[in-house]
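There are two complexes below, and they share subunit A, which is joined by subunit B in the first and by subunit C in the second.
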Partner chain A sequence: MNSTYGVVAVLVVALGTMLIGAYGLRISRTTSDFYVASRTVSPWWNASAIGGEYLSAASFVGIAGLIFAHGPDMLWFPVGYTAGYLVLLTLVAAPLRRSGAYTLPDFAEARFSSPVVRRVASGLAIAIAWLYLLPQFKGAGLTLHTVTGAPDWLGGLIVAVVVTVNVVSGGMRSVTFVQAFQYWLKLTAIAVPVVFLLLAWRAHGGERLNGPEFPVFRQTTTVDFDTSTLIHVEAPANFSGHGLLDGVRVDGDQLWVNAGEHTVAAGSSFVFPAGETVPHLESLPHTTNADWALPMAEGGQFPLYAVYSLILATFLGTMGLPHVIVRFYTNPNGRAARRTTLIVLGLLGIFYLMPPIYGVLGRLYTPELLLTGDTDAVVLVLPSRMVGGVGGQLLGALVAGGAFAAFLSTSSGLMVSLAGVLSQDVLKMRGVRGFRISAALAAIVPLAMTVLVGGIPVADMVGLAFAVAASSLCPLLLLGIWSTRMTTTGAVAGMIAGGVPALAAGIVTISAKTADQWYHVFLSRPAAWTVPLGFVVMYVVSLMTPGRIPENVNRVMVRLHAPENLGLEMNEEPSMSDIRRRTGT
Partner chain B sequence: MTGLLAVGAILLVGAAIVFVLWRGSGPRQDFLTEAQRITFETLHTAWSAAPPLRAGLVPEAAKKSARHLRTLLDTPALALTDEVEVVAWEGVGEHHSADTMRLAQEVFSTGRTRAFDIGCTLPDCPVQIAVVAPLTVEGHVVGVLAAYSREASAGLVRATNEVARWASGQLELAELDRSRTRLVEAEVRALRAQISPHFIYNSLSAIASYVRTNPERARTLLLDFADFTRYSFRRHGDFTTLAEELKSIDQYLALERARFGERLTVTLQIAPEVLSVTVPFLCLQPLVENAVRHGMEGKVEPGHIQILAADAGAEAHITIEDDGIGMDPEALRRTLAGQVDETAGIGLGNIDERLRRFYGDDYGLVVETAQGLGTKISVRFPKYQHGLHP
Partner chain C sequence: MRPEQPPPTQRVVVTSPRTGAPRPRRPYPTSREINEQSQLGALYMRSLIRTQRTLGLLVVGLVAGGLGTLPLVFKFAPSVSRIQVLGIGLPWVLLGAVVFPVFVLAGWFYVRQAERSELAFAELVERS
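On to the complex of A and B.
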């Protein structure tokens, strides 16, 4: 693959981000358009900004990769990522805005008037943000590796440095318009190639997507193995190449390989002829396209549990993500917060139509990724493979640039809110200096963690962050907003009872190899047991400690639930400008 | 099984950390001598009683402090009263509560501690003796502390007297807090009423000059004037949103521009993200007024004012800059230190004081200025501060 265009696209995105950061939006406004300047951010802009920050590596490359490898069960990821906003819209958005909170720890303090609840909430918010930054850095590494062949850690390092420098220098902090632009950039980067991919697919004869055969190589394909890999061959296969197969030196000979499992040493390179069935990475399910297209076809332990767990985590986790909450502060009132959320639902819905198309076409056109295990790369490889020529290269570059934009915008949104929490609640250093130190700390920890992490798909890692949020901060928000019986003790107990097991399960999943154990699914998809645990513990402990209900609970509840324009706290006659507006002069 | 073991290990380590922190935060019990232990316990109890006392003699808070005060005196019952009624009864025998004010009458008139024999006839009622001590603030008895006991002793009278004196000290501090609050509130009221006669005169004459030539502009200006005064004279609420404050500033600037015409130019750069930040009422408008005064005074060439509001993570940063004659740093320091200065008015000092009170000492005004070199004032607001709402 010619990498020049891809490198250029990645460089343009990275440099563009740096420049916007350095020069900022230095558009001065003079008094003549003061009213334009003082008009608050409209729900459309704000919704685009939320979309821009929310659509991360998981959405841009991860979902397509999972669908490509595991089939339609994985559609619950995009469904859940979007439906999370439905829960947010109906139950949380407006009361959260009215609370006046900027971060989740702020909400905890506003609702419970307790520094202890605040501290626990900020600890969890930090853990979630780090867990979420990790896949962004991994995804960046993967993208750069796919585009240029650079080592895996380089992309993550670049994203970390660009974002940290930007946040520290005061640029692109959270400028709504920049993030809103990022949404439309990402949508363009993923949607434009789809049009060409579908045209190319029609031109190739509109091949069936769920045919009865296993994925096969469409043309003679050379596959390089960077790491020592255990592969599974379904039917006796015939290929040639160089390297070590099952410990035997191969040098350009023609090979006949029996069905079963084989080990390929790092540095090997094999050439597969067209029409050959694709061997799979041992840890990926080996299914025919027809089986792949059916839900729950891949077997595995407790598939129904896994699906419900995923649904719970994504539906309830969105509201606990630090960078999502921060955006709601920009809305002028609760009503605008609801409108914003509604628009976000639409914007995300449109975006998430695209990744599944990549995943499905990948089965036909880039099946060799099932062999190397780089399934997340399917979005990046597909355009140049299917379209070909300079056009294909350009489309590939567009996708690579969009993916990098996804890592940058999500990381910077996360970093800003994370640095805010760190400086305020952990380092206790307010002001510019505290913010800078916190931003550096916010980037270093997940960057160090990327070294520990094995080959887990980025969407799965993001799923873990969602699970922690759903089991700890979601009960805090939902019960805190909708029940007057919550006590400080109950809130702390619930957050710890739900969040700590989910966090522990997440850490073990990404650092230890548990894939072949029967309990693996309970660790990699913990939400179905940790979310009820968090809710039940929070409610029951609250009922058991009725003496610890915050004294001002009724006043806080009125503030959270009463629409602003009821005038409960205002008793003013209308202002002259209102009169002016009414009389139409 | 390694995965399950790892999960278990992580949970155990987490539990151990929580346990250690929890144990570490409690009071330590290892004292070298008995005297140390007694000193610690007495002062610790007294310290626990202090914060509620600082709220004054109101029922909710008095109840909390009475609990600790009774621990200090080790009596079966203890009561706190204000000048009219019993605000807290702690311990047994609450049927004597109604009697307390009668006993207290004498203490109110003499200001001296006295013991009374109650002689309760109920069996098992430990309330036989009452020691009533005055709570004095600035030489005036504002309430009494009554300790009830089974038998009288000179020691109890002296101990009650000491505890009442200590509590009086806390009440005096409470009074001090209140008077400081009253002072700042009075200053805010003064600030609201401070729309200077010059400003009214100048605005009205500027408006008058437009009445014939440009009646539409004159009308707009009059409406601006009305809205501006209405906002400034607003009676309720110490807080508003940045958007409201900026709107008032816009009206103020419209009136000033009507007067200065082309000579006054203003640049505004407002990040829309910070418009919903909660800010103290009238904390920016006086700064802009200050900038106009310093930017336009004593010079003929045009004056330029720049107002920036930037989003900075969990804070909003606002700067107001003029290119005028600047201020004398020494005079400014005196103003910010609380000494009222003719030239700077009470504006800057009051704003600085309020910002520090609401947000802490990190959030005072930062003024960069020198004679003849203009003035730049920076303010930072946290986006969220517990308990502050517009």
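On to the complex of A and C.
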């Protein structure tokens, strides 16, 4: 793919983000401005900002890639990512806003008046944010590699630097503007090419995907292998090229390869003729188009467990994501928080109509990604493949810019909230300077972690962050908001009982190779057992320690649930200085 | 810094009664019951919380319950997955498009009902 336009698009997005950030810097003066945009943000701006922050690498490139490889079972990712906001709206939004919490640890403190609960919540929030930043940096590396051929680590580094500079200089005020701008940029970047792709698809005869055949190469295709690859050939295949196949040197000859598994050495380059069935990466499912298009047809172990675990993690995990919580503080009151969330539901719904279309068309037009395993690249490669000439190049550049916007905005949001927690709870440094040092620290750790992580799809990695949030902070929020029986002991026990196993499962999945083990799905999708564990432990331990119910629970409940402006004493807004006094920073 | 100039005094003619002023309240308004953590106030609050919790759980339960049966249907009644709607498989139509307006509708219904019960609560507190 011609890289010039793509590079320009990535540069424009990066520079545009920094310019808007600088504009925000001029108007964010005081500490209060710096943190929460002084709550002068309207529901539409706020909802766009939430959308911009939330639509991450997983949404922009990851979902399409998973659907492309695995079929409609993966539609549960966008459904769950959106449904998470319905749960947030109905059970959390208004009380969370009324609690006056800026971060989840603030909520823990406000509800339980206990520094221990606060500390555990901060630890989990930091872990979740780092787990979530990791795939953003990975995805940025992949995008830059696909667009320009630059080494994988470079994209992550660029995103980390741009975001850190932006967050450090502008704070939340500018970030709100940046995020709102990012949502509309991302929607444009993914929706406009779809129109052209569908037109091109119709012009090519509107081919369908319900036949009993495997994906085939549409035209003569050269496939380069960057790493040593184990491939699965469906039927005896015929191709040519250079490199090592099963340890035998090949130099431009025609090859007849039997069905079965073959090893391709790194650096090989093979040319497949048009009409040839696409060999698959061994670790990807090999299904005919008709089977691929059906749900639950892939086989694999415990498919129902996998789906329900994903549903639990995404439905309940959204509310525990640190960067989502922060946004609720910028609403003026609980009512506005609800309206903002409702708008978010609409904005996300529109966006998520698009990725499946890329996934389906990729099956027809970019099947070689099933062979290289770069399934996350399908969104990036498709436009220039399907639409010829400069038009296709420009669409490809638009998508690359949108993908980069996705990494920038999600990383910014995470960084702001993470830096908030770090400066308040870990470094205990006051004011803007502490926030800036924390922001730098927030970026360095996940950037270092990207080196250690293997080839897990970005959407799966994000799923792990959701699982940890759903098993630990979700019980804290739901039980804390709706039950007066929760005790400090119960809150701590529940968060640890749910969060620690989920976190451990996530770390094992990311760092060890367990894909062939029967228990793999229980580690890569832990939510179905860790979420009930977190809830049950929190509730039962609370019932067993009735003496530890916070004394002011009734007052806190009034504050969480009563509408503002009724002259109730507990509805007084805690100012930023109150919060900081409370938190002892 | 320069010393603050006192604002120039000015004579104002009052031409109408102060309609914007707060009305006098009864000696024991409900807001005071709640503020003083009386039994009655706690009762009001508990009923508000229960109403909102029931509503929230109902909306989430209906939507998530409906969605949650889909994997079972797809698994045990594969013929349903083969139904075509406008040339597209039913699972794709449901999970790729139909769910999103359903979410918005459910959210809209929730917001309307939640604001109603808050309004009722506010009237209770302010009128008494």
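One rule holds in what follows: the second predicted complex is superposed on the first by the 541 of 585 C-alpha atoms of A that agree within 3 Å, B and C clash if a C-alpha of one lies under 4 Å from a C-alpha of the other, contacts with A are read in each partner's own complex, and residues count from 1 in each chain.
We adopt the following convention: contacts are C-beta pairs under 8 Å (C-beta built on N, C-alpha and C of every residue); 3 or more make two chains touch, one makes a residue touch a chain.
Keep in mind it's a predicted model, so treat the numbers as computed, not measured.
After overlaying the two complexes on the shared chain, residue contacts for A:219 are found with neither subunit B nor subunit C.
By the touch criterion defined above, A:110 reaches subunit B but does not reach subunit C. Once the two complexes are laid over each other on the shared chain, residue contacts for A:424 go to subunit B alone; subunit C is not touched.
In the superposition on chain A, A:269 makes contact with neither subunit B nor subunit C.
Contact with neither subunit B nor subunit C is seen for A:254 once the two complexes are overlaid on the shared chain. By the touch criterion defined above, A:295 lies against subunit C but remains apart from subunit B after alignment on the C-alpha atoms of chain A. Residues 569-570 of subunit A lie in contact with subunit B in one complex and with subunit C in the other. Residues of subunit B touching subunit A in their complex: 1-4, 6-7, 10-11, 14, 18, 223, 226-227, 230, 234, 236-237, 243, 246-247, 250, 253, 257, 265-273, 275-276, 278, 310-315, 362, 380, 382-384, 386, 388-389.
Across the interface of their complex, subunit A is touched by residues 31, 34-35, 37, 42, 45, 48-49, 52-53, 55-57, 59-60, 63-64, 67-68, 71-72, 74-75, 78, 81-82, 87, 89, 91-92, 95-97, 99-101, 103-104, 106-108, 110-111, 114-115, 118, 121-122, 125-126 of subunit C. Subunit A makes touch with subunit C in their complex at residues 72, 75-76, 78-79, 82-83, 85-87, 89-91, 94, 208, 210, 293-297, 303-304, 307-308, 311, 315, 335, 338-339, 341-342, 345-346, 348-350, 352-353, 356, 482, 554-555, 557-558, 561-563, 566-570.
Interface residues of subunit A, counted against subunit B in their complex, comprise 27-31, 34-35, 37-41, 100-103, 106, 109-110, 113, 170, 173-176, 329-332, 416, 419-420, 423-424, 430-432, 435, 496, 500-501, 504-505, 507-509, 511-512, 514, 517, 519-520, 523, 559, 569-572, 575-577, 580.
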